[in-house]
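Next up: some structures, all given as structure tokens.
Both complexes below contain chain A, partnered by chain B and then by chain C.
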Partner chain A sequence: MSIIKLDAISKWYGEVLGLNNLTVTIGHGITALVGPNGAGKSTLMGLIMGQIKPSKGAIQVLSQPPWNNPHVLSQIGYCPEGDPFWMNITGRYFVRFLAGLSGMNRRAANLAADEAIERTDMTRDMNRPIGTYSKGMRQRIKIAQALVHKPKLLVLDEPFTGADPVARSELATLFRGLADQVDILVSSHVLHEVEGMTQQILMIARGRLVATGDLRSLRRQMHHRPHIIRVRLDHPRNLASALSSLDAVSGLRVPSPDTLLVETTQPDMVYDRIHNLLIAGNMNVREIAPADENLEAVFGYLTDRNGASADSSAN
Partner chain B sequence: MRALFNFTIRQTFCQKKIWFTLLLLILPVGLTLLPRILSPTQSANKMWNHYHIQVNSFIFMMILPLMCMLHGNALIGADAEKGTLAYLLTRKLKRSKVLLVKFAAMVLLLTIMVCFALLIQYIATFAGVNVESLGKPHGQVWQPFSELLAYLFVTPFAVASYLSIFVLISLVASRPLMASIMYAVIVEMFLANLPVGIHVYSITHQIRAVTVKWIPNLSSLYQEFTEMQDEFIVNNHGGIGALGAIILVSLVLSCLLVSTRELTVTKVDND
Partner chain C sequence: MSQENHQYQRWPGRHKQPSPISGLMAIVVTGVRLQYHRRFIKLLLLAGPASVIGICIMLYVLSMLELLAGQPQARELYAFARTFLGVDLSAVSQLGELREVIWQSVFAFAIRIELFVVMIIVARIGPGLIANDIKSHALTIYFAHPINAKTYLMGKWLVAATFIASVTLLPNLLALILGSMVTSGLPSIGQTLALGLNIIIAALGVMLIGGMIMLALSSITSDSRYVTVGWLAVCLLPAMAQAIVLENIPTDRVTGWLGSISLMDNAVMLTEKLFNLREAWQQSGIPPKAFADALAHPIDPFYPAIVLGSVTLVASAFCYRRILTFAKSAASA
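Moving on to the complex of A and B:
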């Protein structure tokens, strides 16, 4: 059974396209929404939380549209991106106040706030103003307010941002622990942050869903991605002509007088060949390195590939 | 709802602008005490005029719109800008309820502040003065306390109507502060004082209509407006009913807007 269902959702901000015809169903457990900065993750989170309206398409969260729907929203715990806080109030007051807004009376709100704060390990600092908290503490108190009314679904927008490695690991452990009682949708622009938490990944880039599934199938899709190897040496054209006969090489470029970019789907074979040629040819090499191993490049590849397949199917 | 009501009041007290507005409100007290110190003997007419000018021209016509502008614009806008509105709009409350509860809290707070200013203005003017010995102001019997009650009575209506208008403007305009200033200057300062029928569409005029009905001789402060005062009094135009209508219409429109419009500031960087 799905907890979130998006049907052909598009969102424009004037001329800017935030989301482009997104259809996706999110089920139980922990689901990670991954994409580079500006991919449309926060727009998607805003739509799910009823903060923004879709320009086109329909959205259902817990089987109902979320816009201005307190019944649905009261069942979701939301942890927004960034640092949106009333800095002068204490962490405890913050969580207790939002518990009160969730319909609890004063006594119940106090109890629920203390419990949520304890779960996020903030009890020691709960009586300090939020303005004095570190980034990691602010993330934890945001999570406490999202948990305070015992929601069915937790929506966490970039919860790892600003947290140090230890805090990240603690947060990931906390989320894994919560997954038994609550479904979680967590967004991140760093794939490895969510790798240890879940196998269910949604990848979006440029407002489009570029890949979905478990981590293994995503890795398989990325395996076929052409790799680009950058070689910096004195005479790049000599090496280029020596590599041009290889079937594994799908492209060669000389972007500057001392750089050669080699495009291949079999990087291991090409690395070996380059090494052999360099040794035999006595070339003065300064660097051999992958040029596109970052996540942006992976998203770019998946986006272009999906875009091309969409175009070809349209034709 | 009570949690949001209390929180709105608490947060307002933590802002610097509330202290700025409080300072503005007690400014007329200074302007009252100064002449009392400099020239202790005053005529009845002068004293009566001075008191009512301070209350009407300073408090009701200048300071009250200014403070409602500042707080009305920030009622939803401040939380939207900070991103904290997301916490309020994702709870067990309808969007319109969030607006109405915050509005009610702000009306209460500003009303108390203005009433406090009116009280200390009254004390600063009349404390230690035997008004009867000064003679009759404009040939009428002194009624300072019943006049104070008239001002206290109109205050919540004045606060709510100004505040509701500025909240509405903040929800409609892309540059709320600029739009609010333009509204205040064009409608409340210019149109309100025109000796033609259009002045009835200003809150300033409606407040004046109420106080003129309750306080004898008040229209003498606005000699140049006597015609228009007579006009709406005779025709029974304006007053509390008109202020109530302004509040109702503004709030209904504001609730409609918050229920249908996106209020959070969304970061858009994927072009």
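Moving on to the complex of A and C:
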């Protein structure tokens, strides 16, 4: 079942195109919406949140159009990018207020606020003014307000912006934990931020959908871009010599005494071959993993390719 | 390709249709509580009880005059009435017949003073109502909840209206009730109810006009200091302009739009028309000096009503449009 369904969605701001004929289906779990600044992420989130009306096309969130639909909004938790706080109020008061906005009475709002704050591990600091919170704590309290009305879908707009590495790691852990209970759509313009959280990527650039799917499938879209496989084992040179005869292997490197990097344009075939060689040679292997499957590399490649094809079609 | 291959445990809860009233109440209660914690606001709100006490004292004194009319003990009470109402009640033999108009005058006089308190209290609580939400990008989070721009605007207006009511409507109604209890009250329940209704209408008008103008100003900028300056300018500059006009043009020629520049004066004129002071005092034959300006010539409610109504309507429409614009731009930023 799909959580969000966009069918040929376009959005213009005057003559500026925010989104261009976007068709995508987003399912359960954590989905990352990735793209550079100005790609159309916030427009897409605004459409999903029912705050922007599409110029063209149809959008369904939780099986209903979100525009002017309070029932849909009551099932979505939204965590905006900035700090939409009055700094002198406490975190608990903030969450309780937004529980009230969601339609809860005072008693229910109090209970729900305490529960949401506990889920985001902010109970100890909930009675402090928000102005005294660190960036990570502010993100947590924002997530608490988004969770307070028990939404089915959590929409997180650039949740890692400004957070230090420790806070980022904690937030990613929190999101992974929440994913058991609520679907999450998280946006980011920095690819590695979402890398550890999900394999489900939705890439947009210049208002267009660049790619969707998991990292592996995105990788398959890059036929002619070399793929690097990292193999960590006791004697990497033995494996290197066995692989050197393969035409599919375009390069071999041993950056450290226990690591071999294999460069190929046919990763599936090389993966199979490595497995066979390891078994046949009874080699003690500790890891076989893609070395360059970080999102930054994939994104750069895909957006460049998309931009190039768009330019060539324009010409 | 779609992304539907996660092992997922769905949220088991049920979602009820959200109530817009709860959202509205959340905005009002939170807005009022946040403002109420400010020390200066608490101090200004003391104007409410002060107004109750003042009105009750005046009503009590006037009722005592009825009892002591013509007696030597009443001399100081006559002086008191002269000071506050500018009318020599010692010349009136049957003071009881004037009780209704005296009560109306007392409340009209109180409202006139309360307008200045309203100007100050709105200047303190109003500027940040929308401006702070714009500044902190909170509109995005408001409209991510099941409330719309109308509910938001209504909620913010109710915050301002609550404070205005606490220095106009509530003290005046309380004073009417207490005044009726500590004195012999108005001759009939009908007259008391009519006075109560006038008080409610006047206060609602002040709440609507003051609240909406302030919200419109607050929606212009994210810096609440400019809003305060704008509000004071809206309240004071037209009044100053009108004062200059009245200084330089004979009073009998100051009619129509020329006499309706000042929002404050328009509010006062409409209040006095609502309380029907001119006709009532004319019948008594002793127009009080406190209302000399208003009683000098007939009040034409058309121009003040048009000016205040237009300003409030334009302010409401402008504010609504601004909120929609900000909400959209915040969503697509």
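By definition in this document, the second predicted complex is superposed on the first by the 222 of 315 C-alpha atoms of A that agree within 3 Å, B and C clash if a C-alpha of one lies under 4 Å from a C-alpha of the other, contacts with A are read in each partner's own complex, and residues count from 1 in each chain.
Basically, contacts are C-beta pairs under 8 Å (C-beta built on N, C-alpha and C of every residue); 3 or more make two chains touch, one makes a residue touch a chain.
If you're wondering where the values come from, they're calculated on a predicted model, not measured in any experiment.
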Worksheet item: Since both structures carry chain A, what do chain B and chain C do when superposed there: clash or fit?
Response: clash
Practice prompt. Based on the superposed arrangement, let me know which partner A:G207 touches: chain B (first), chain C (second), both, or neither?
Written response: first
Item to complete: May I ask you to decide whether A:F97 touches chain B, chain C, both, or neither, giving the answer as first, second, both or neither?
Response: both
Worksheet item: Touching A:I117, do we find chain B (first), chain C (second), both, or neither?
Response: neither
Worksheet item: Touch check for A:D183: first (chain B), second (chain C), both, or neither?
Response: second
Worksheet item: Between chain B (first) and chain C (second), which does A:A39 come into contact with in this model arrangement: first, second, both, or neither?
Response: first
Worksheet, complete the sentence: Winner on chain A touched-residue count between chain B and chain C: chain C
Worksheet item: Which of the two partners, first being chain B and second being chain C, lies in contact with A:G82: first, second, both, or neither?
Response: both
Practice prompt. Look at A:V16 in the shared chain and tell me whether it touches chain B only, chain C only, both, or neither; answer first, second, both or neither.
Written response: first
Worksheet item: What is the contact status of A:G29 with respect to chain B (first) and chain C (second): first, second, both, or neither?
Response: second
Fill in: Which superposed partner A:K150 touches (first chain B, second chain C, both, neither)
second
Item to complete: Could you point to the stretch of chain C, among 21-29, 57-65 or 183-191, that collides with chain B in the superposition?
Response: 21-29
Worksheet item: Between chain B and chain C, which residues of chain A are contacted by each of them?
Response: 13, 18, 42-43, 46, 49, 51-52, 68, 70, 73-74, 76, 78, 80, 82-86, 88, 97-98, 100-103, 109, 145, 149
Worksheet item: For chain B, which residues count as touching chain A in their complex?
Response: 2-4, 7, 11, 14, 82-84, 86-95, 259, 262-264, 266-271
Item to complete: Could you please specify the touching residues of chain C with respect to chain A in the complex?
Response: 1-11, 13, 15-20, 22-23, 25-27, 29-30, 34, 132, 136-138, 140-148, 327-328, 330-333
Discussion item. Touching residues of chain A toward chain C in the complex: what are they?
Written reply: 1-2, 11, 13, 18, 24-31, 42-43, 45-46, 49, 51-52, 68, 70-71, 73-76, 78, 80, 82-86, 88-89, 93, 97-105, 109, 145, 149-152, 155, 179-183, 200, 202, 212-214, 217
Worksheet item: What does chain A use to touch chain B in their complex?
Response: 13, 16-18, 37-40, 42-43, 46, 49-53, 68, 70, 73-74, 76, 78, 80-86, 88, 97-98, 100-103, 109, 145, 149, 206-207
